[in-house]
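Next come two complexes, and both contain subunit A; in the first it sits with subunit B, in the second with subunit C.
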Partner chain A sequence: MKLANPKSFHNGQAVAIFDVASVAPRALRDLVVNSCSHGGRLCGLFTLPGRPGTLDLVALIAHDSEGRLSMLKAGVAQGGRYPSLTAELPSAHALERAIWESDGLQPDGHPWLKPLRRHPALEPAGAAETGDPVGRNQGAGAAGGRDHPFFRMDGPGVHEVAVGPVHAGIIEPGHFRFQCSGETVHHLEIHLGYQHRGAEALLRDSSPARRLAVAETLAGDTSIGHGIACCRAMESLAGIEVPEQALWLRAVALELERLANHVGDLGALCNDVGYLPGASWFGRLRGEFLNAQMEICGSRFGRGLLVFGGVRFGVSPELRHDLLGRLAIARRDLDDVASVTFESPSVLGRFEHSGIVSRQAAEDIGMVGPAARASGCTRDVRCDHPLGAFVDWGLSSAVETAGDVLARARVRWVEVKRSLEFVLARLAALPDGPLVVPMPQPRPGAVVGVLVEGWRGEICHVVATGDDGQIVAYRVFDPSLHNWFGLTLAMRGTPISDFPLCNKSFNLSYAGHDL
Partner chain B sequence: MFDVLMHLAWLILLPLPMLGLVTVVKSWIAGRRGPPLLQPFHDVVKLLRKGAVYSRTTTWVFAAGPVVALSSTVLAGLIVPMGSPSSPFGFSADVIVFAYLLGLGRFFTMTAALDTGSAFEGMGASREGAFAALAEPALFLALMILCVPAGGMSFGEAFAVLPASHGLLRSPGLLLAALALGVVLLAETSRIPVDDPNTHLELTMIHEVMVLDHGGPDLAFIQIGYALKLFVLGSVIVHLVLPIPADSWTGPAAFLAGQAGIAVAVGIIESVMARLRLSRVPQFLIGACVVAAVGVLVLFTGGRP
Partner chain C sequence: MNLIRARFRQGMRTMAWPDGPASLPSRFRGRPVLDQSRCIDGCRACADACPTGAVHGAPLRMDLGACLFCPACAEACPTGAIQFSSDFRLAASARQDLQLSGEAPASTDADAETRRLAVALPAATRRLFGRSLKLRQVSAGGCNGCEADLNVTGIVVFDLGRFGVQFVASPRHADGIVVTGPVTANMEQALRDTWEAVPSPRLLIAVGACALSGGPFIGSAPCGAGVPSDLHVDLFVPGCPPHPLTFLDGILRMLGRL
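On to the complex of A and B.
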């Protein structure tokens, strides 16, 4: 397989690192900002090992309307500085903070430079020098030792509410700091990182089999999404084509994952407003899709289905018949419960006008997935950069314009209907042929960027190989990384009692963000 | 004597199963089997066996909260008639005392919450205070509709007059009073649509968030007090709606059926609608005040209630 041109390549195509245009850091900022003001979108900003003593700062940009990606790099001395993109491109804010804390590159002019995933106050002094094997403390740690302030408001009647990192209920840890006056939230600052486990270093250093296992648990509810991204990246680097049946089964599994999570989210939204019928029935139907996943591969979350080069399990004719029947029943039940829920005045009264994110804000901070589509952004990797069995789907993205909780619920419901049609159609017409092809060694000196539309939004994996064909860098951008700031914006001017509802309408991953 | 014993027995035995009945109804409607009717009783026994943990920042105010709240609700329960027109401990003007016994319990629950210094509990106390202030006029107007025809401010006098004049449909004033009291019951016992007793989300809670720091026997007292409040307010509504004659076996039977009906109604309401947005709760409560006020107008312009 030929390597593609880094100035313009398709999703999942490998390019030669050597070919990626190298510019000065200032020019990188100007070019990226310019590109993003002309329809481009910053999918990832990360470092790759550069010439000795330097790091390459690399930007991966998606041009959604053209279905193309492009890559650009700038060499920066280790521990050096570069002009920050964030002031002009707010979507870079978290990416630059991650680079600052783990690689030690200082973004000059970043408006809110504080650690993204690490807690200097909790790390023992000198932890950075001990050579932690999983990279938990990798990098220069420019954050070293200092604690970082939260945004604070002062004034009569202003009070601060701190929630977490330990929560009521079985959810992941995260710290939420609200600045309120009375019941109204003026600002919310979210600090995560309690689940930081050095996943990118694990992905880089693991054996191939273990690498996929790590990818499947980057965000536990997105095993298939991250798994497909990992597979596709490694397969592109190895230069192989996956058999058609495997591509179809991967797509079916990805949509089953979307169905289970979207249906579960609709139930959880009902639960948060105390609407019992929706909570019970959506909750039960979520199980149908998890069970379908389990019957295909033995795990309700799809673990173990994927292997490099294809899939591990096929679907027998009997199982296919059985699944088609049960999914058709689930479709009928879903229609019933959705029509009851979306026509219930008390539910609509809670969902409508709650936690609004404007389209401009969603564009500015680079939101992805259903949350972005609820605010009027059309982006959907399955439409803009389709891979595998999605190429000939002809899906149009489910877009709402209100940007409130109701819009985020409706986008999910529309996607549920479309995904269910897709799964039924593809299962019924599953092609024959092999399930897996052998996987050769990855080619040296190449880098690949893969986008996959997970149920939460765009998953981006970037993998680079060194001159000896070893993986030298593995970068992951979970949709949660882009969307957590959207929750912050949704809470501005919203009553604090609506926070749990808004939070659920985004339903972001802590583990996916913290890596 | 028999009346007093029966009253006490009901006050002790029935409130927790009534709470259990609400849960059972909700479970049935959701297609689940649900917990046993006596589950709240088992929960309380479990809590009573536990020890309590007190934060160093709290004072005696915190410890007094659950005790005062429970004992004031018990006193209120002794005042309200249950299954016969008069209550063993009723006295003239006991209606006012009844309303403020509930208020006293709430005051101590709120101060105990504030005593912890937690931002959550402060928010809960503030919400409770605001909503209680709006529910109180509705309660008093409804009690006024009840008492004015009898010519005295006690439950005994009011309920003694009611059966004679009964026929709820013939007395729109009473119907409106029952409606307003129903809303007060939902608000006071933190049920949907005002509050969600099942949520674990501190930021949306009203009642539950105020008692987050209580544990063990303190929490058991709070839960008993909570069930008792539902039972006591339910008693008032049952007597208002059902004609309960004196000195008869049908009285207690009608009373029990009425209380069960209230538990089923609460369960059905929770099964078919979502909780109101917090900023809409005042409108809901003011609506109850308006309903009760209309009832008072009917009372004074339309002669007999």
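On to the complex of A and C.
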């Protein structure tokens, strides 16, 4: 079956909502499944307001080899049912659970239907936006984690280990439930939602100034990634082009964010295997990139740099000179640390063959970012759907094939080297011109999907306007939403004592998942 | 051999502060300085620009507990009545000490400014915690900005350990907790359970705009407005996230060591 000629468009291009091909729910499932078996990838599945009494179920698909996106929609009665995609397209599993619990649409035939972010037992009656899909009123007392319908194994020697939501260490909350025999983990279920802050509703309803502040704190270590996605979506709806210098500075900030986080992760991985020189040196070098970010915009996390229409801060010749000098020294120090780390037998011994995710599994569950590339998937938004200053970079994605902790560490190291070259080159040749242009009102009746390659992987924001130009829906898909299940798969057959190491090798966001 | 060479090149990186100066870039935004005498009658440009409602015009006031330290208000003000200084010392012992007023510009009254900083704990408590303070961190809806910059206080540059302060894994081993995030409905119970597990006497430190006021998430249905009002907070650390030095400064003042 061929896709019924859905209009395709490029990343970040706003389209009229009535131009999105509309089909029956069953056809939507078949077309999306078909498209995804022919090189398509499901970036988002969500609802938009439909005709009175209905919701539009919308799929956003990326065609990576063509550099195009497409959308399909199907009307479903409010509180109604539609045929689930998950059985044939496992990458839809979390997306359908989110739609079920927050929009009240029932995916018929979903094999794993249970709350994703909400903890029914903890919510006051009446807190739900629609109906009672997650059975809040069907009894169940006490705290959420205890009532969640966890998968359980039975049998001689099988035991269960429960961890969280409050963890040892300075880290966000989540609950991990392991089914083990002896040391070996057979299944890990990850139950999140503790961080649910109602971000999508705030993004939809807030003033522009607050919208950007919320976007910057969706996942606080990805302020630039989510911030750029939000800016690009709103700018595209408003029909403006951002000045070139601003696009370059945004790209520099995005890569500094990647550098800080990748370098920090390499240090944390060293720490988890007891390699202290790597832990402290990478840890210190992470700070160099945060400090560079702060030199440019006053915040270690890049907050305040972005504004709708451009950026707030330029880089003076003196600052540029200073940054280039400091980053060159950081590059030398990083090379030293990486060479001793990746040569150390005690590090390699622990990284190699730990927490393997096969390429097939990564494809099936729709993994993104360095974790997907470590398993052999090439996807990288900067290569496949480049925007702004990335268009003429000519980056090739950093791919490893082993799918283990070592591969995830190596992908990060290769990306560190490439991003650092990019930052040095772009800073040295910054174009002149304005930093910001005025931002008009968004155009009515439009929808835009934006992909940004954050340091964890693909960030996707979808924004739609109503007939009066008001924002009627704002949807966010953090890379963590796709990748948490990858951690589950990495733990299968792995000793439970390797969990901290495997977890760190993914380093996913709880807040970004829970929104 | 390579390891030894690398060790030499990496050098010794712990900062001079608090004995020497702390160096921060010129664009760093610390304590805002308000000057109402510059305000134009009826102007609300700053209040309209603020993402969290932390700023009020006429009379000019600002709640540091809700401030994200973005430059929106300073940028919107046509007369420069709001300016961000590079002073990173922001932590306070009482929530009302974070309410800034533009009537008497703080910069003209150094004494008043010091009084707003965190004060030392009573001598008896300081005897217990002054030389060894173990803290447990609870993120209750934090975005990982505050968490990341708390984590960083442990690296060689800031080296929290040199002050006898340490983050520990169990609330049973802790002398207090550090709360981040707006306290989501889904985390409130876990936060309370953790607090109950800490033996008395114990300290509660609230870090970040979220924990102090709700921050960017003020008024969102599935969140609270930070640490629940029935829990007594001993130290308020503003920022989004607070700079690691802001946190260290607050802790050391609370322990009477600055």
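Keep this in mind: the second predicted complex is superposed on the first by the 489 of 515 C-alpha atoms of A that agree within 3 Å, B and C clash if a C-alpha of one lies under 4 Å from a C-alpha of the other, contacts with A are read in each partner's own complex, and residues count from 1 in each chain.
Following the convention adopted for this analysis, a contact is a pair of C-beta atoms (placed from the backbone, for glycine too) under 8 Å apart; a residue touches a chain by one contact, two chains touch by 3 or more.
These numbers were taken from a predicted model, which means no experiment stands behind them.
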First (subunit B), second (subunit C), both or neither touched by A:402: neither
First, second, both or neither for A:347, with subunit B first and subunit C second: first
Contacts of A:218 with subunit B and subunit C, given as first, second, both or neither: second
Of subunit B and subunit C, the chain that contacts the larger number of subunit A residues: C
Subunit B versus subunit C as contact partner of A:280, first or second or both or neither: both
Which of subunit B and subunit C A:430 touches, first, second, both or neither: neither
Which of subunit B and subunit C A:16 touches, first, second, both or neither: neither
First (subunit B), second (subunit C), both or neither touched by A:162: first
Doubly contacted subunit A residues - partners subunit C and subunit B: 168-169, 277, 280, 284
Of subunit A, residues touching subunit B in the complex: 159-163, 168-169, 183, 270, 272-277, 279-280, 284, 344, 346-347, 349-350, 354, 495-501
Residues of subunit A defined as touching subunit C within the complex: 118-119, 122-124, 127, 143-144, 165-166, 168-173, 193-199, 201-202, 207, 209-210, 212-214, 216-221, 223, 277, 280-281, 283-284, 287, 291, 294-301, 303-304, 312-313, 332-333, 336-337, 339-340, 343, 509-511
Partner subunit A, residues of subunit B touching it in the complex: 26, 29-32, 119-120, 122-123, 192-193, 196, 198-204, 270-280
For the subunit C and subunit A complex, residues of the former touching the latter: 2-3, 5-7, 9-10, 13, 24-25, 27-29, 49-52, 68-72, 75, 84, 137-152, 155-157, 167, 169-171, 181-182, 184-190, 193-194, 215-217, 220-223, 240-241, 243
